[in-house]
Structures are given as structure tokens and as C-alpha cells.
Amino acid sequence: MTVNPRLYPLLATIGIFVVAYIVCWLQFPYMLSTRVAGNLLTDNAYLGIVAVGMTLVILSGGIDLSVGSVIAFSGVFIAVMLRDTGLHPLLVFALLLAVTTAFGAAMGAVIHGLAMPAFIVTLAGMFLARGASYMLTIESVPIAHPFYDLLKDAYWLMPGKGRLTLIGVLMLVAVAAGALIAHRTRFGAQVFAIGGGEQTARLMGVRVGATTVGIYAFSGFMAGLSGIVFSIYTGSGYPLATVGTELTAIAAVVIGGTLLTGGAGYVVGTLFGVLTMGLIQTYIVFDGTLSSWWTKIVIGVLLLLFILLQRGLLRVTALRA
Amino acid sequence: MTRTLRRILPQILTLAVLVALVSLFFPQFLSVDYQGGRLSGPVIDVLKRGAPVALLAVGMTLVIATRGIDLSVGTIMAITGATAAWALASGWGAAAAVLLALMAGLACGVWNGCLVALIGIQPIVATLILMTSGRGIAQLITEGRILTFTDPGFAWLGSGILLGLPVPVYIWVGTAIAVALLMRRTALGLLVESIGINRSASALAGINATVLLIAVYVASGLCAALAGIIATADIRGADANNAGLWLELDAILAVVIGGNSLLGGRFSVAASVLGAMIIQTIDTGILLAGFPSEYNLVIKAGLVLMVLLVQSPNLAGHWYALRRHVRRRREPAPSDRSAP
Amino acid sequence: QTVGFSQIGSESGWRAAETTLTRQQAEERGIDLRFSDAQQRQENQIAAIRSFVAQGVDAILLAPVVATGWDSVLEEAKEAEIPVVLLDRRVDSSDDLYLTAVGSDLVHEGSVAGQWLVDNKPEGTCRVVELQGTTGSSPAIDRATGFRNAIEGNADIEIVRSQTGDFTRTGGKEVMESFLQAEAGNEICALYAHNDDMALGAIQAIKEAGMDPGDDILIVSIDAVPDIFQAMADGDANATVELTPNMAGPAFDALEAYWADGTEPEKFIQTESKLYTQSDDPMAEYEARKDLGY
Amino acid sequence: MLLTIRSLSKSFPGTRALDAVDFDLAAGEVHALLGENGAGKSTLIKCLTGAYSRDAGEIRLDGAPVSPASTSEAQELGIGTVYQEVNLLPNLTVAQNLTFGREPRRFGLIDGRAQADMAREMLRGYGLDIDVTRDLGSYSVAVQQVVAIARAVALSGKVLILDEPTASLDAAEVRMLFDVVRDLRDRGLGIVFVSHFLDQVFELCDRLTVLRNGQKITTERVADLDRVKLIGHMLGRELDDAIETAEHSPAAAQEAPEILRFEGIGRAGVVAPFDLSVRRGEVIGLAGLLGSGRTESAELLFGVRTAQTGTARDADGPVAHATPREAVRAGFGFAPEDRKTDGIVADLSVRENIILAMQARRGWTRPIPRAEQARLADEYIAKLDIRTSDAEKPIGELSGGNQQKVVLARWLAMNPRFLILDEPTRGIDVGAHAEILRLIRDMTDAGMSMLVISSEFDELVAAADRIVVLRDRRHTRELTGAEVATDEIVRAIAAADPREAAAS
């Protein structure tokens, strides 16, 4: 049974992640504890969820720069709603998801209807969402609601005192759902089709407009969900939160083996991209000797290293084939 | 000449409308004073404050014309500013500092260009690497503090006055004209557009796409270096942490408002710098109008969207289609009735 | 002893100085400092604290980027019996979740600056312009509040314009330029800047507009970085309120006492918010501070 | 009538692509749609399937007016289409492409295994044995074309439209396609067939409709027409008979001096090392089946791919040709097979496309003066009869055949000593076809040497002095003199291939 070449980028990503984890473990044996593994999931839960949405957008050949701001907006929205109204958090969640989904859909509609580049439309969306959160409040608003305490304390204590938290599990569920949508539904097939070439996709019978709206709506939904997770994670809403998260998410998607030009990639790859980014962060914290500036440089260098390794690996397998 | 004018007409009109709009909130927007050998007034401020974004937009235009994007320009500003300040602080002269800063910008451009053209990493990701790690390099140079200097010659580049106008205005206008001439008086413009539209066909036609690609990133790096020099000279200190922060987004916005396609190809440097002026007019207008700062972003987003909507070529098409649709609805097709 | 230090980032010279001083203090006391730069992101700070807990450090220093959202991670640290000391900014969690907080009172800083203006303003009405910090950040909010508290009741002091300068010099300069355009320069009597960097930028803008900062327009700001003393020595700035970057000294003192015999320190160790004016020998202050890594 | 179209019109900015066109398709017929490049064939098809919205006119299917607003609606109406340029998505698997929009689902999710089964089922009868779970893009153009046809056939309940489906197929595959089409016709489908190969039209079709400049010229029974009259309808004039059928006299070129000599050029896994000597003013033909390595041979010669072994030399010594730039400097030229991705620079004007290679060779510091550019452009527009409103029109808006001529003009303007043409007449109408052959002759008479790759053996025989035959990425035989003949080529290919020999 030979491996389908489609899988090479995904396998390369997973392989590199595993090797990197082993390298970290050799240096810091503690890295292999369930605590670190649990933290890796929990700390990157919001990133993983938003990256799933971003993966679909990128698979379609687009980009969504608004997600970082939308996460911040979500936190602020939830916090302010819970503070000022008596609504139950679940109701607020539903409201929020409706708002962010509609926001994404609106961006998709503008992108398709006016044939404007996604980069610019979502950039304006990024300003807008951040601006909207400032208009709700400029302070950080704590969330004090018994239901939130429940959510925060929902975890399963793994052997070795690691915690598998609700939001960590939620991320895995989101990845699974995203993978199903991308690879096992007609909507997903249409996303890939648009990424492969909009013109061709249209000729093959894809309703490009509706699909584009759907894609950005999905990304908006995921950003909202990520905002909920982030608000559970931090227990507050803060208009300055998650600045630049869109770039981290894009980097994670790309490390996960999805082509920025669209049409090729795996949602599961994104999970490993996110975990790789988390691993870099964890490694730097464990090391603990890097100054502020060396931290930035090392993150960049490791990012480059991953991309080069991936390209090298793919090139070698391509030569073999 | 008239062709150029026709190309930039939408941008000029947008700018005019925007100025009118700002004047509603701040009536003295167009007033210019002359005192003590210098012109002053909001418009002069726009011209001067717009210098960094305009310079970045010049380089970004070329990169985008090749179907690329350069996210690292803001960071390059920080690196070059830090380099210049370091040079001045270690007692080199202003000229040497400028030269060193330009060299740093050039090096950054070569780095980006090689990642994109030689290794084949996608531009967004390739420049994202320098965007994140470069600020660390800049901080390494300044050790995280604001590296100040007193050299009046260097400071003149940021806040000096020449014939009544701020020096940065001359720098960005001069750079824009020089680059535009370089592109249009030589064959460079055509070759850059060609590789942006179809790199493989261009390579087959014998164009050295690799070298050209590296060259546009170098140009972008050099423009960012100039912007970094101005920003540093302006406050007489290099702020590695904040110099040029998020300016790459403004620069990309300027290029797009200038009517250049993110998919590469035909470009106009003049339209891009007009785009930069449009953005700066929005920014300065917001400051002058005196709204609370928490509204800044929403206002900016709203105005930018408006500008883009108005300039969208598709909008006219949609109007047309809508009108036709309505008309067709009104008169049922005669064929429908005659159908058996 | 091993101490983990989760720093916000390196967004300003003041913070770089805080980092430098913390390292110096740790070295002097023979403490092994694990440093983590969060690059302005709370999520990175939470992750760093988690990882410090996982590594089993003896104490954690935390300079929180934002006041809210620390409950669960502080609880984790508490469960692991690792004392946490907050540096320079406060959190809104219950105070039994951390050992102590070292810092200054941001509202108080603002009111010291405001009080100075009340005492030193020229005769007649005084139109004040305000350069705010980054919108939404707690220093910007608190310093604005404190200043307003102090000038309250002085009908002849009026804040006519306030805009964010993002805590940066460029921002301070650009916004000040627009203030000068909008308010016809000579009608501004004083500038209140939420940090010295913005004030330094504004000073240049005022000079370039042909006016004399420090005389035509009074300038009061917060932080007391070295360069503002230079400006005071030149007569360009009038007053600054000190925010010492040496938060680690008191923090380590408290920790050492705690390690030695479990002494619980005060819940809030407030550093002094000292006011410096031109009469406080600014040149000497400048010399004393210029090598602290600002 | 199964399908009737009445006074369909469609305009693009500056062009009236369809002008009140009528068209009738009966059930159980194969109906050819013919016309010059740019006559409006593809546009008619796209209006019919909802890819373009028509300006005016009426379409009836089974008597009921239909107005598909999108291609998916057309598919639901039972109209399956193979479009001309863009067919399928190379980034999806073969199975995904085949089942797209009709994926078998279980519990709302696509069932991968059933999908693959369905795809294999659809491909049965086409003689393809491929792994349907691999990316379509990893297969050759011919395979992709067959997959596209299989998909369209499966989608066509009533009407099947084939827009130049045979352009990249070889003889055996064409035969197979025709069998499929005849079978569908017998089952009562209406089939629209677009092709520039008139022989195929005469072989397969029952009726034909000719378009010219967006207008319908005539609809007739194929049996009532002969070739000359048909061409007359298409061109609106008589084709100079001498050009189309002119015999070539290879004698002169045989004596000419050798100007280039390639020895042992090859690359592992691409093409086995081969020798090639090029005489002044001669046309060398490269013949072979699809995937035999003709394009790859050309790419090695022009430095698009770097040869691992081999040397090139001329009278003055070694010639460097490791990259296209070096090859251009050495006086080579190359008009590639896929003009859309490798030939034209779509948004640039016709003028700029023509001067592009020349400008690249002069270097960026020495721009060609504008007046000189205009002169060159006008010269070649006239010389090659390029149909464009003016030289400033973006080349992407020209019809395929005219784009091909512009690419030719780019290289002719360079006056290379050795010009490689890969499928120069693919998708080109009879008129332009003849013009290009005439052009090749003119240029070689002026001393230029050429290497021509073509899948049409007739065309090769008409143009070439000498033919190199390839099989399995290996240069196997060289035909010279009297051997330059269609049956000899077929024999040369077949002789080397036992399977082919058995089949014929």
C-alpha cells in the first residue's frame, strides 16, 4: 500500500511536530508530562478553534484578517452583556455567535459581490470589530457568573495531574467538526473547488457567491466560538485582547501544510500547526533565559526552520516519486 | 500624461471628497499659514505625517505588482531606525548613519527576496518571519530602550524645513517620482508587471524573474529604510518597540486604495501615494475633529470601506444589473405568454 | 531558589528598565530567574504561568497585562503552593490568590500630576490638552481618572482635547501637532501626558511650532524616565511623577521573608509616586537613571 | 426538437460575440458547431449553460423555456458540458471531480468509498485504469480530458456539449470517444460537438451549424456538404487551396549547412539522452503519442528544464542553454504548448506581448522606444493577420487562435536562428491553421530553423523536412526524405510498440 501523495504535506507536518517534541523532551524531560500536554491543549484552544475557520478560508484561496478583533469583540460582548443584562450565558453565547456569523457572512458578501480582495475587506473588518469592542467598553470587564465558574472548573484530571479541560476538548471537537465539514461534505468540496480555481468551480456548478458567504460566515462563527473559549479561559472581556492573533492563526495553518494559494490542505494539519506554535512557546518558557528580543527572534527562526524542513521533506519525497 | 491623469482620477476625486468631508467637521482644514519661514496648517501636517506610509506604499506597490506582499516593512522601519540611532550614538556622522540604515534596509530586502524568489516560500509567510523576528533584532540593537541622539543634521531629515516645507515631504515626493520615472522611463515597469501577471510565461520569454523578484523586495526594503530614517529623525530617537508598528497594513491599504490589484500586474506608484495621502487625511481628520479616541477605529474602518466601495468597479456593474433586473420584472417576457 | 517572571513584553523603555532591574536584583540575591516575555498577550502570560507551575518553580513574579481574567491560573499556582507576586499592575482577583502586589497606585499617580497643575497653573482659565495612553489599557484609564479627580472643583481648569498617543513618542508628537492646529496653539495652557515618552514627543512638536514648552505650555507627565529629566534641565518640561521600575526589589524582599519563615507580607506594597519638578536637580536624577536600561 | 435557441445575443465590452443566433438540436443527433476562432462558439455554449447571462433571446428544452442562471441549474436540467479551456480541478482527486455535486452520502457525510466506486463505474468503458483517489493534476492532459468527458456524459440526461474535446487526445482516444458519443446518440441524447478538425466532423456528425463573427451562417446536413463549401461558410471566402494542400519539397534543406548540434541531451526520468542536428532553414518535426516526451525534449533544449547530460555547439563552439535566458541569448525561441499558462501575459497589451522577449534580451536599461514598439506590433499584426481592434487591447481578450499568433509574433520579432513550436496549431481554426503553416514556410525560406511538435501527423508531414519519432521518452527513429509520410510515422510509432501493432 503506497501512501497517496496528497498526504505528504500532512505527514511532513506531523512528523516534524513529533520530532520537535522529542527534541524538547530530550532537553527538558518534564515536557512529556500530562501537565504539559494538557496545557498545550488548553492554552491553544482558542487558537485552534479560530485556525479551523481560517483553514477553510485559506482552502478557498481567501484570508480572514478580522478574527483576532472578533475574538476580542466576543469577549467584550459577553462580559458587557453578562454585566448589564440578566441573560443566561448560553443565551448570550447564541446571540454572540449569531452576530459574529452574520459579520463574517457580510464580509463574504462584500468580497463576492464587489469582487474586492479578501485581504482588504477583512482588514476593514478587523478595524471595525476592534473599534466596536472599544465602543462597548474600553476597560477590561471581569465576568462573574456562576455558570462561568462551572465552565472554568470543568476538567478531567489525567494521571500525572495534567488537566484535560473543557475548552481543550472543545478545540478537538472543533477540529473534528471542521475536518468533517472540509473533507466530507459537499460544502467542503465546494470550498476546495473555489480554492482550485474560481472560474472552473463556477463551471462545475459551484454557487460561488453562496459558498463564499458560507465560508466567511463559518470563519466568523469559529471566531465567535473562539471568543467564547477565550472568555472562559481568561474569565473576562478585554478590548485589547488577541491583537495579531490572525497572523498566528495564518502561520499555524501554513505550518499545518495548507497552501496559502488555496485548494490543498487538511484541517487536521492545522491542529498540528497550532500545537507546533504552542510547542515553540512552551519551549521558550521552559528555557527561560531568552530576553524579550531574543524571544521574538527565536520564534521567527523556529518558524522558518519548520517551513524549510517541510519544504525540504516535500522536495525529497517528490524526487523519490 | 493624460493617461496617467485618467488613471489617478478616482484617487484625486476621493481625496477631494474626503477633504470636503473633513472640512465639515474642521472648517480650517484647508487653511495654511506662513510664519517664520515655514508653512503650517493641517494640509502640511498631512503631507508630512503621511511620509512614512507614502514611502512604504511606493515599495509595496512594486511588491504587490509581482503578486507578492511585504508584511515586514513596519519592522524594517524599526530595524533601520535602530541602526541609524546606534550609529549616531556611537559617534558616526549623519551621513554614515543614513548609509548604514539604507544598507540595513537593503539587507532585509535581500533576505525577503531570497526567501520568496529562491526558496519559493509564499510572500505572506516569508515576510511574516521577518515581521516577527525583525522587531527582536531592532530591540537587540537598542536594548529595548528609546535610543536618543542629538545630531541636528540627522534630525533635519525628520523635522527640518526646506523652502517652507517639511523635509520628509521632499523625501517621499522625490522617492515616488524617482521610482515612477525609473519604472516608466526604463523597461522595468513592464518587466515587473509581466512577472506579476504570469511568472512562468515571463521566464520563458527570457525575463530574469528571480532577480527582478529579489529586486522589488530590495526596493521595498529601501523605501522602508527611508521611512524608518524619517520616523527616527522626527522624534530624535529610535523606538524599536513601536516604530512602524502595524504600518504595513496601512501601506497595503494605500496601495489598494490606489486602485492596484493585489493579484499583481498593472500598477501606478502615483495612485498608491495618493492612497497614502487619503489614509493620512482620514487619520489627521479624526485627530482634528476631536472625537473620543475609542471611536477612531470605527470611523477609520467606515471611511476606508466607503472609499473602497466607491472605487469598486463592480459597483457600477451591480447598479446596471439591478436596474435591468427590475425592468425585466416589470415587463413579463412576451414569450412566456405565447408558450403552449 | 528559582523564580519565574512573566513580563508583559517590551513595549516601552520603562518596561525594559523593569526587566533589567529585576534581573539585576535576582542576580544580586543569587536567585535563578526564569524569564518569559509575553509580547503583550495575556494568553501567553497564562501559558507561561502554567508552565512555571509545571516546572515547579519556587515563586512567580507576574506583571499582568490586564487586570481581569487571572482567577483560574492563580488558583492553579495556589494549589501547587507557589507564591505569586504581582508587579506594577493590579488584578481584580481575590487577594488570597497571590502573596502580595508591588506597585504604585495608577489613579494616585494621575492625581499627583493633577494636583501639581492645580498648584502651579497660571492665573486665569487654563485650557489643558491630554495625551492618553493606549485606548483600553489600565494605566490610560486610571491616570485619566486620577487627573480628573484632582482638578475637579477647579472651574478654571478645563480639559479641552484628549486623544490617544499610544504611549509612544511618535504618537505624542503627531497628536500634539494636531492639538496645536485645532486649538490655535497659544490658547493651550498645559499638557498632561500619560507617560513621559508622549510628553517628549509633544515637546518637540511644540518647539517646531515655534513655541516654548515649559513656559508657553506647561508640561506634566508620568513615569520619570531619564530623558524627561534632561528636558526638565533644559526647561522644556515642568513636572513628572515617578513610577519606579524597581518593583522586583520589594518583591524579592517579601519573598525571601516568606521563604524564610512564612511571613505573610502586606497585600499591597505601594511604591512611592514621587513628584519631580525642575527644582529637584533634574541633571543629577538623569545621571542616576541613565544606565538603568530605560 | 430537443433544444431550440432563438435570436440569442451576447455582447462583451467592445465585442458583439453573438448576434441573434438561432440553433436547433434534435434528439438522437450529433450536431457540429463550427466557425473560426472567435466566431462565438464557446460563448454560445456558455450562454446555454448559464455560465454567462445572455443579453437577449430564448432557450427551450423539450419545448419549455429554460433560463439556467448557473451551471449547476443547467446540470440539473440534464445538460452536461465539457468546456473548452478550463475543465476540472487539478487539486481534487479524480473521484471528487467525477462525482462533484452528486457525491454519494451517508448520514449527510460524503462516503469516500462509495464515491470511489461511483467514479470507477463512470470511467468504465473509457479504457482508463487509474487510481481515482489521486489528484487529477497528477495525470496527463489526455487523462484529464477523458475524465472531463466522463463527467459530462454522466451529467447529461438530455444534452451533451463537447467544446473541442479532442484537442489534446490522440487517435486511439478519439476513436474511443466517438464510440461513446455514438452510443449516447443512439440512446436519444442530443450532442453538440465543437471541433476544428473537419475530418472528425465529417466522420461523426449528422448536422452542422456554422457561426461567423457572432452570426449564424447556416445549418445543414453534413452529408449535403463538402469540405471546400464548409470552409467557405466558415471563412466567408475560399481558402487558397494551394496553401492547405501544398506539398513540401524537403530537398533543398537537406543540403543546407548544419548550424546547431545537440549531443546526448537528457535527464533521468524525463527523456533519455538524444542527439539532434539542426540545419539552416529546415523544419524538424517531433512525432509521438501523448506523454512520449516531446514537450520534455523541447524543454530540455530551451533550458526550461536543465539537462543533466549533453552539450550543444554551433560553428563557433559550445552554446550555453541551461536556462531560457541563456537559450534566448543563444538565438533560440520557444512557443510553449500551454499558451494560457506559459505563453501569454494576459493583462498586457498585444503590443507589449509582442515586444516582451525582445525587451528582456535588451535588458531593462534600454527600453525599446515607444514608436519602435508600435511599429513592430503593427507590422506583425498585419503580417500574421492578428484579429484585434488595436495593438493596445489586452491579449487575454483575444480568441485563442489570435493569442497563439501573438506568441508566434513575439518570437518572430526576435528573429531567432532556432525556433521551437510546441503544438502551434492546437485549437486553431482552418484558416489560421493554413496561415501558420505558410508562415513556418516563409520563415524557413528566410533561413530560420524550426522544431515543430504536433499531434497531427498530416500537419507534420506538410511542414517538416525531417521527423523524429519518440516513444516512451526516448527518441527512437528519424524519418527523412520520402519517409516523411503519415503512414510511415504511424508505422514508426507502432513498430516500436507491440501493443499498438497488435491493435491496428
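For reference, chains read A, B, C and D in written order, and residue numbers begin at 1 within each chain.
Convention: a contact is a pair of C-beta atoms (placed from the backbone, for glycine too) under 8 Å apart; a residue touches a chain by one contact, two chains touch by 3 or more.
Computed from a predicted model, the values in this text were never measured in an experiment.
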Can you name the chains that touch subunit A as well as subunit C? B
From the centre of subunit C, which other chain's Cα mean sits the farthest off? D
Between the Cα centroids of subunit B and subunit C the separation in whole angstrom comes to 34
Subunit C-subunit D separation of Cα centroids, rounded to whole Å: 71
Measure off the straight-line distance from the CA centroid of subunit B to the CA centroid of subunit D, and report it in whole Å. 43
Where the CA atoms of subunit A average out and where those of subunit B average out, how many Å apart are those spots? 29
Could you say which residues in subunit A touch two or more other chains, in rising order? 134, 138, 292-293, 295-296
Quick check: what residues of subunit C touch more than one other chain, meaning two or more? 10, 16, 19, 135-136
Contacting chain pairs - touch in the sense defined above: A-B, A-C, A-D, B-C, B-D
Of subunit B, residues touching subunit C in the complex: 26, 28, 35-36, 40-42, 45, 49, 139, 143-146, 148, 159, 231, 234-237, 239, 241-243, 284, 287-288, 290, 292-294, 296
The answer for subunit A against subunit D in the complex is residues 4-6, 180, 183-186, 189, 192-193, 195-197, 199-207, 263-264
Which positions of subunit C touch subunit B when the two form their complex? 10-13, 15-17, 19, 132, 135-136, 161-164, 166-171, 173-175, 177-178, 181-182, 197, 200-201, 204, 208-210, 227, 293-294
For the subunit A and subunit B complex, residues of the former touching the latter: 63, 113-117, 119-121, 123-125, 127-128, 130-132, 134-135, 138, 247, 250-251, 254, 259-261, 292-301, 303-304, 307-308, 311
Residue numbers of subunit D touching subunit A in their complex, please. 51, 70-72, 74-75, 81, 83, 86-93, 96-97, 100-101, 103, 105, 108-110, 112, 133-135, 138
